[in-house]
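Two complexes, one shared chain (chain A), two partners (chain B, chain C).
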Partner chain A sequence: MSVTLKPVIWYRSKLVYDGVVLLAMFLYIIAYLRLAPNLQLVSRPIDDAILRMRAFGSCAFLLVSFILAIGPLSRLDRRFLPLLYNRRHFGVIACSVACAHVYYVYSWYLNLSPLNPLLALFSANTSYGQVLGFPFEIFGVLALVILLALAFTSHDFWLSFLTPRLWKSLHMLIYLAYGAIVAHIALGSFQGSGDPFFVMIVCASALGLVGVHLAARSVSRAPEGTAGDDNWVDAGLISTIADKRARIIDLGEGEKVAIFRYDGKLSALTNLCAHQNGPLGEGRIIDGCVTCPWHGFQYRPEDGCAPAPFTEKVATYRLRRDLDRLWLDRRANPPGTRVEPLPVNEGVADGG
Partner chain B sequence: MAGDGKDAFFIGYINAVPQPLGRFLAVIGLIVVVVMGGLGLVLSRRTADPGWAVTGYQHIEVRGILEARPYPVLRVPDGEGRKPRAYLLAGEGKYGVQSQADGLYGRWVTVAGYLLKRGTLDMLLVDDKEGIVVASASDVLHPAPPQSLGRWRLTGEICDGKCYSGAMSPGNGLAHKACANLCLVGGVPPVFVSTGAVSGSEYFLLTDDKDGVNARRFADFVGQLVSVEGEIERVDNFYIFKSDPETMRAAGP
Partner chain C sequence: MVVSQAIVSFLYAYGAAGLVAALLFLLLGIDRVEPSARGAYAFRPLIVPGLVMLWPLVLWRWWQIVQGRGADMSVRRSFLARHAAAWKTLAVVLPIMLVAALALRQSGPYELPAVPIDQRAMSVESGR
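What follows is the complex of A and B.
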């Protein structure tokens, strides 16, 4: 959390995170470009530029695949949550690797011709009416434009400027970029070298990603609040909410509420963190504040306000009880509205 | 389960990472690093062989007669203990040498450049500085006329003659298609790489049956397996495939 926008706020965890990602990237590139060529069974060496475009292109694909797996893995196993913390740096590194791939394609395949290289990119191959020989470069261009847009807007300034909802929608384009990358590889590289092992790696990565997303979706489905009188919905038994944790209630149409139990009280907040719409209900009460599991943004449970000097606010909700059963008013209060916490009475069985 | 880090709560701006979680993250980091290094090694190691070729490091000077077939070809007749040879010509970058050859067809010239060689294909990359220079004529040496080898249907790949002959490694396939098309548009001679040999050669200078040089007609088929009919001629050590574009079809893998 920060009161003002700064280029990058470095913590030890971020340095270690970036260091591991960069080390993995460098090892891949060095192995590809420096170690393996001595072991290749070829009649003559592969051109440096072609080897580099292959190395950086395949590396970018693997990095983006891993980035996309972090979200669902965190849902399936909370121990992956720290990988979410600095995912934007990971994305910028992957975008830089993709740019290196484009640089070698641009300077080797598209350069030194009668056409301007940028014009050549779009006009050298216009066989749009066929699968074999389709201008697969166009998918690469689409993916690169998206990656650049996401890298450029990855800073919190853009998050604040665009609002979290719009920023999140924009960054969901990463899935379109991934689809474009897979199409780019399938219509290009697969038809070129045709290495079955690389085909297997790409297919396994893409199918694995679909698999973990489906698995995460099935385990993270929040219970729907049962409609009651007027605007009140049944939010389940109080005794089943663990201390300093929350239960997430799905009100439908994408609206979810996190009901926290802490210090013998109950409070309800929107499940969306004001920072990146992270799932507050998967967070904890730390130092008396609801703490987002993604980046540690904090809010007071009774009014949804970040503690001073921070200024973020989230919507709050009213609660009432009927013995051990909890009822939630589905009408959200404006962000920062104080709602008196509901006490957990002694007569209620404590399941926390 | 206690002690496996699943209950730990990580906050990035607090530097202390709970120990069980720290161990888990260290293992994940190690796996990522090792897997990436291993994949880089294996994927690069499995690179397909681009095939043997002479790749343009040898600078030579050749004297012969310049012919248009229809691309510029330098014919070096037999004599003085050597066999006749024909060299396809291309320029530096993705350019042909038609503009330098104009007005010199049928004349004795000296061409300085870099030799590319693949199978029966010999290509000279004409040196931009030295170019094609008119040379003294020989009264006794004359190139042999082309020899017809009849009509054939061949299956193979259309490539640009420069990249395939050795200027790039590899210089064929669909990943290389845009580059090949740019070469052909720039005037580099197209070649047909057949899956089967005709009279001992798998490599052919590709023209259409009107001896045309309109490479755009082949653009949609470059880099993929196609079959096409046409007449084959032998000119010294290399072969010309005068294909009929109307018979060109995509062939199965």
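What follows is the complex of A and C.
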């Protein structure tokens, strides 16, 4: 959350995060280079260059899979939340590893060609009309182009310049990239004399990722019903909202609201952070402000405004109560609209 | 080969145009369109690759802001719905892709075991 743009904002926890990711990456590469030759179904040793390209390629796949799993895992279990905080650096590291994979592919398969390597890449195999022997490289190129675009636009400048709407649309291409990566592996590595261990890892990663995403969707709480006025939805019991935490209410059609309990009061904000659409309801109240779990953007719970000198605003919602039961007005107020917090009266037990 | 040559030529031309657009934007545009960039210079090298890669988008946004059509800073609720749709699609496509790839896979043995040349010569001799 900066007024003047800086190259990279690093503090201790981010340095530790990046250090752990880099260390895990190096350990994986070393382990792969040492262990993978024993798992290959071939009678002769794999060339070192091929081994390195497979090491970096598989590492990039696993990193992207893990990055995509962080969001749903955090919804399923709050202990994964710290992994969300620096996911952008994680993404840039994954893109760098993918570039290392491409470097080894280039230096081994294309470097000795009399043709321009880029020309050789597009002209070496043009069998687009068949499945077996399909030029799977094209899927890798597509995925790499997307990963590069996302890494290049990961700086906060791009979010502000392109607007959150356009920036988010661009970054949703990661799902297309993931599909392209799996296609690249399925039509490439799977068809060769690869090792069955890697096949199992890829299948488990891709299917596991789909599983956690679908499981996380069921976690968000749907409204339980409506009162006489259709605009008010039942938001459950007040006593079950933990102090300085939120309950997320899914209003349908992608609209979610976070109801925060703090200092004996309740306030409702949109669940979407103005920065990168982070899930505000998965954050908590810090220094009196709702704090986004992704990058620490803060908003006052009563009006959805970021504290000065920052200018971000998010939509607020009205609340009312019926004894211990809470009701939410599904009509969003314009961002920054003050709504008087609803007091948590005596007689309402503390939430867990 | 002709198509490949055309693709490569296009990429070079696109990159060259991107370099020119990036230079123009950094010299003339960035301070006008992005208030947070005024007086901040250290971050600018970091955005050059993105400017080169996405130069048509950059020029379009630059033109929009100059025309006063900027700032749709609203967050789209539909992103969550699109996110869900993306994962539902992947939930169908990924298993099909993996199963199809494994079904099409040609079974081994992938290679015949290596045989020393001398031994092969001996077996040829003995076959005569």
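Convention: the second predicted complex is superposed on the first by the 297 of 352 C-alpha atoms of A that agree within 3 Å, B and C clash if a C-alpha of one lies under 4 Å from a C-alpha of the other, contacts with A are read in each partner's own complex, and residues count from 1 in each chain.
One rule holds for everything that comes next: a residue touches a chain if its C-beta (ideal position, glycine included) is under 8 Å from a C-beta of that chain, and two chains touch if they have at least 3 such contacts.
Quantities reported herein were computed from a predicted structural model and do not represent experimental measurements.
S.K.: For A:Leu162, select first, second, both or neither according to whether it touches chain B, chain C, the two together, or no partner.
M.R.: Only chain C is touched by A:Leu162; chain B is not.
S.K.: May I ask you to decide whether A:Gln191 touches chain B, chain C, both, or neither, giving the answer as first, second, both or neither?
M.R.: A:Gln191: touches chain B and chain C.
S.K.: When both complexes are superposed, which of chain B and chain C contacts more residues belonging to chain A?
M.R.: For chain A, the partner with the higher number of touched residues is B.
S.K.: Return first, second, both or neither, reflecting whether A:Leu35 touches chain B, chain C, both chains, or no partner chain.
M.R.: A:Leu35 contacts chain B only, not chain C.
S.K.: A:Arg79 contacts which: chain B (first), chain C (second), both, neither?
M.R.: first
S.K.: Based on the superposed arrangement, let me know which partner A:Thr153 touches: chain B (first), chain C (second), both, or neither?
M.R.: In the superposed model, A:Thr153 contacts chain C only, not chain B.
S.K.: Which holds for A:Leu272: it touches chain B only (first), chain C only (second), both, or neither?
M.R.: Only chain C; A:Leu272 stays clear of chain B.
S.K.: So, A:Leu132: does it touch chain B (first), chain C (second), both, or neither?
M.R.: both
S.K.: Considering each complex separately, which residues of chain A are in contact with chain B in the first and with chain C in the second?
M.R.: 41-44, 126, 132, 187, 191-193
S.K.: Can you name the residues of chain A that touch chain B in the complex?
M.R.: Residues in contact with chain B: 1, 9, 11-14, 20, 23-25, 27-33, 35-37, 39-47, 50-51, 54-55, 58-59, 62, 66, 77-83, 85-86, 108-110, 112-115, 120-121, 124-127, 129-130, 132-133, 135-137, 187-189, 191-195, 197-198, 201, 283-284, 286, 291, 293, 295-296.
S.K.: Please output the residues of chain C touching chain A within their complex, sorted ascending.
M.R.: 1, 3-5, 7-8, 11, 33-34, 36-40, 42-43, 45-47, 49-50, 53-54, 57-58, 61, 70-84, 86-87, 89-91, 93-95, 97-98, 100-102, 104-106, 108, 110-114
S.K.: How about chain B: which of its residues touch chain A in the complex?
M.R.: Against chain A, the touching part of chain B is residues 4-6, 8-15, 17, 21, 24-25, 28-29, 32-33, 36-53, 55, 92-95, 168-170, 173-179, 181-183, 185-186, 219-224, 250.
S.K.: Using the touch definition up top, name the residues of chain A that touch chain C in the complex.
M.R.: Its residues touching chain C are 2-8, 41-44, 116, 118-119, 122-123, 126, 131-132, 148-149, 152-153, 155-158, 160-166, 168, 172, 175, 178-179, 182-183, 186-187, 190-193, 199, 202-203, 206-207, 210, 213-214, 217, 253-256, 270, 272-274, 277, 314, 335.
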